[in-house]
């Protein structure tokens, strides 16, 4: 139970950074941390104590393996996380070129 | 699994550092620490595929972050929060919200299967039938590219969308008249 | 072609288009437009073909992707609810594509726009037909990332700011969805929606059940622009190109928010009003708050893009109200409002932008007496406004009537009165638009405005036709599209029998 | 983009080739050993990024490099969708692994379309991430449209 709670705590750290930090780069770092937390939660959900990594070495011999499904999901969500982080960084770079600041409270041309 | 708990504590500490430091480059390095400790966590949890991908993706993430920060500024926006007595009330409200959330999370997570004993209902089929029906020795790859190949197609499309999105956002002149104006200046 | 093989084509065809466009559009400039519209036509053909095959009796098509049986592999479930949503997506997408052939002239990077639009379509269709929780999340990510880039397409200062803020909120929603799916997998150890619904049914309403449902609903509420999380919608509409905002508020908000929430709440978590009245009252509460806040904010808006955005927030509140009432007619009214509002709001956005393009002014006030100079655009705007306000011959009227009927049927008379009262609020802020903009007042000399290009007129006429057809011929539409969809939703756990039993 | 010091250049001249080879190894052996299309693709992208960071690049080569990567990326995506169509063409469902029993297990040539899909994914991830790097950081050239 404790590792799952640690993942939730890490997720909340990231959420805190996203909601309350004023610097855009800190917000993107917060998103990366949230994504790490969810990936870790998936990996912990699939862990089996005393089991082996799911690679078959001899044909037909099936040993006690860890759950391969969450590992497949984490592979997908790691690359999704990198893709969204890259898009956010591109926007942050262009916003800095236009507004000359990373402070989200000063980027206020849109009203309401 | 004491080493896992030590790793988790180190990760949380690095995350706090990543969020709070004033210097952006230091924050990126701290984020790198969190990422690599996640990779170590994957190794501890018997997930070699994930560890390889996480290490390399983490390197690229730090390279991208550094590329953007070095082209702009590495100074965090300094903000002085004057701690006034009236701020006690919002902190109390946030405090009991956090407490309520913590209680709810603990209540909900008690019903999850305990750490280290997953109920592998569908996964036992993958393990039993994986080698025969897909021919791949690496069961994770057989899940990714055969049992759930549609997920991987979707994921490859997400990366493709992000690349085209980055190319859309990065272009200098969104509208034609800016382009013509710039050409006239050159 | 067997009747089931068109289901994966709904996603594969736009993907092929999206991958071909960057390759070939450098050789031949017009290639992107051609492929885009061609894919739009093909998808609409598939959608109509799907609705026809479903109305001839087959309860739903279960397509086993890669040939694996349901709990092991990913299955695509094309039941009547998915048919309705796919129809809505492609009914609005084709006019938007036609509109953007002429609307994109002042923008650069034309092939990028069409690639992202194809990916948005692939994502939306993927969500509608997906029968697997994680797969639905992946396609939610595809359409979300595509829409972030499309909102910031103009790369001006406001567009980038709006795109970034929308992305931050959208990603928080996406991550809360992923976290909920992770917890669901840890508990039920399966990802197939039907398999998961059976596991959740045997688990009962424990604290874990409500906690996971709350996390999921936070994600859907952000994607749906429900009131506490609606602040991204007006900014996104202000800066997005017209066809993108037509897709955004017409279809995107409905598919990612309303459809995904309905599928999860009714079919996966198996909730219904008798078993969980408290939950449905909460939905009614959120619906009313959305209607009220959206309507009030829309009243004193001068910029009509923001006005239309706030009216979307309040119309989403109506749909939530329909679902919250929870009885049969309420759900039918909500689903009918999904169709009616999608066509109407898409029409309004496209018409208002073509007016702005023709007259060059964005504020409501100065555009006087356009009826004579741009008849088709003007009249399509007026008809669209009437449909939004719920005037009789249009789809908007039927859906509001059905929702009120649902409220009356479930003995919540005060709710029926409140819903009727709020529809007058929507009428309020729209009539002001019509009178000021169009009916030529004596003192205002009609501003010189040339009629918009033929392709744009074709798009506008198509959308007006859709709003009219669904309004006038509502009985056949009800019988073979909306009511089977409501029965699919109401079936609750019958969804599992369809997928696993089938 | 100006290059880095001579030491970094000589080291990266040696390492970049090896890194690219290692990435290809990971992609090709995806179905036998840990790793696969994703990990291998990212390693290949890292090899290219190392090369362009260490040696810098003239604006012309970046434009050429960028068009090359976008062609590669689209081909990777098309490859994966066409693999889906193979199952479709063979009369079975979309994305069906039609030649699953081809070749004997635990050898390089086995597991039907999985190695092909690995290669397609590797091409796409590698080219895509290198294109992101070009757009994001390294390139001084302004992408006009």
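In order of appearance the chains are A, B, C and D, and numbering begins at 1 in each one.
The rule we apply is simple: a residue touches a chain if its C-beta (ideal position, glycine included) is under 8 Å from a C-beta of that chain, and two chains touch if they have at least 3 such contacts.
Just so we're clear, the structure is a prediction, and the values are computed from it rather than from any experiment.
Trainee: Is the C-beta contact count larger for A-D or for A-B?
Mentor: Answer to which pair has more contacts is A-B.
Trainee: With chain centres defined as mean CA positions, report which chain is farthest from subunit C.
Mentor: D
Trainee: With chain centres taken as the means of their Cα atoms, state the distance from subunit A to subunit D in Å.
Mentor: The separation of the two C-alpha centroids amounts to 23 Å.
Trainee: Using the average of all C-alpha atoms in each chain as its centre, how far is it in Å between subunit A and subunit B?
Mentor: 2
Trainee: Per the centroid of Cα atoms for each chain, what is the distance between subunit C and subunit D, given in Å?
Mentor: 36
Trainee: Return the distance between the CA-based centres of subunit A and subunit C, expressed in whole Å.
Mentor: So the centroids are 28 Å from each other.
Trainee: Among the residues of subunit D, pick out those that touch two or more other chains and give their numbers.
Mentor: In subunit D, the residues touching two or more other chains are 33-34, 36, 38, 70, 77, 81, 84, 94-95, 97, 105-106, 125, 129, 132, 135-136, 144-145.
Trainee: Where does subunit B touch two or more other chains at once, residue-wise?
Mentor: Each of 48-49, 53, 57, 60, 64, 68, 71, 105, 109, 112, 118, 120, 122-123, 126, 131, 137-138, 140, 142, 144, 146, 148-155, 157-163, 165-167, 169-173, 179 in subunit B touches at least two other chains.
Trainee: Name the residues of subunit C that each touch 2 or more other chains.
Mentor: 15, 18-19, 22, 65-66, 108-109, 134, 138, 141, 145, 148-149, 152, 155-156, 160, 163, 183, 186, 191 - these are the residues of subunit C that touch more than one other chain.
Trainee: Have a look at which chains touch which and call the overall pattern line, ring, star, complete or other.
Mentor: complete
Trainee: What does subunit C use to touch subunit D in their complex?
Mentor: Where subunit C meets subunit D, its residues are 5, 8, 12, 15-16, 18-20, 22-23, 26, 63-67, 108-109.
Trainee: Under the definition above, what is the set of subunit C residues touching subunit A in their complex?
Mentor: Subunit C residues touching subunit A: 134, 138, 141, 145, 148-149, 152, 155-158, 160-164, 167-168, 171-172, 174-175, 178-179, 182-183, 185-186, 191, 234-235, 238-239, 306.
Trainee: For the complex, give me every residue of subunit A touching subunit D.
Mentor: Residue list for subunit A touching subunit D: 53, 55-56, 58-59, 75, 78-79, 82, 86, 89-90, 93.
Trainee: Using the touch definition from the top, list the residues of subunit A that touch subunit C in their complex.
Mentor: 4, 11, 15, 18, 24, 27, 31, 34-35, 37-38, 41-42, 45, 69-70, 73, 76-77, 80, 83-84, 87-88, 91-92, 94-95, 98-99, 107, 109-110, 112
Trainee: Of all residues in subunit D, which touch subunit A in the complex?
Mentor: On the subunit D side, the touching residues are 33-34, 36, 38, 105-106, 125, 129, 132, 135-136.
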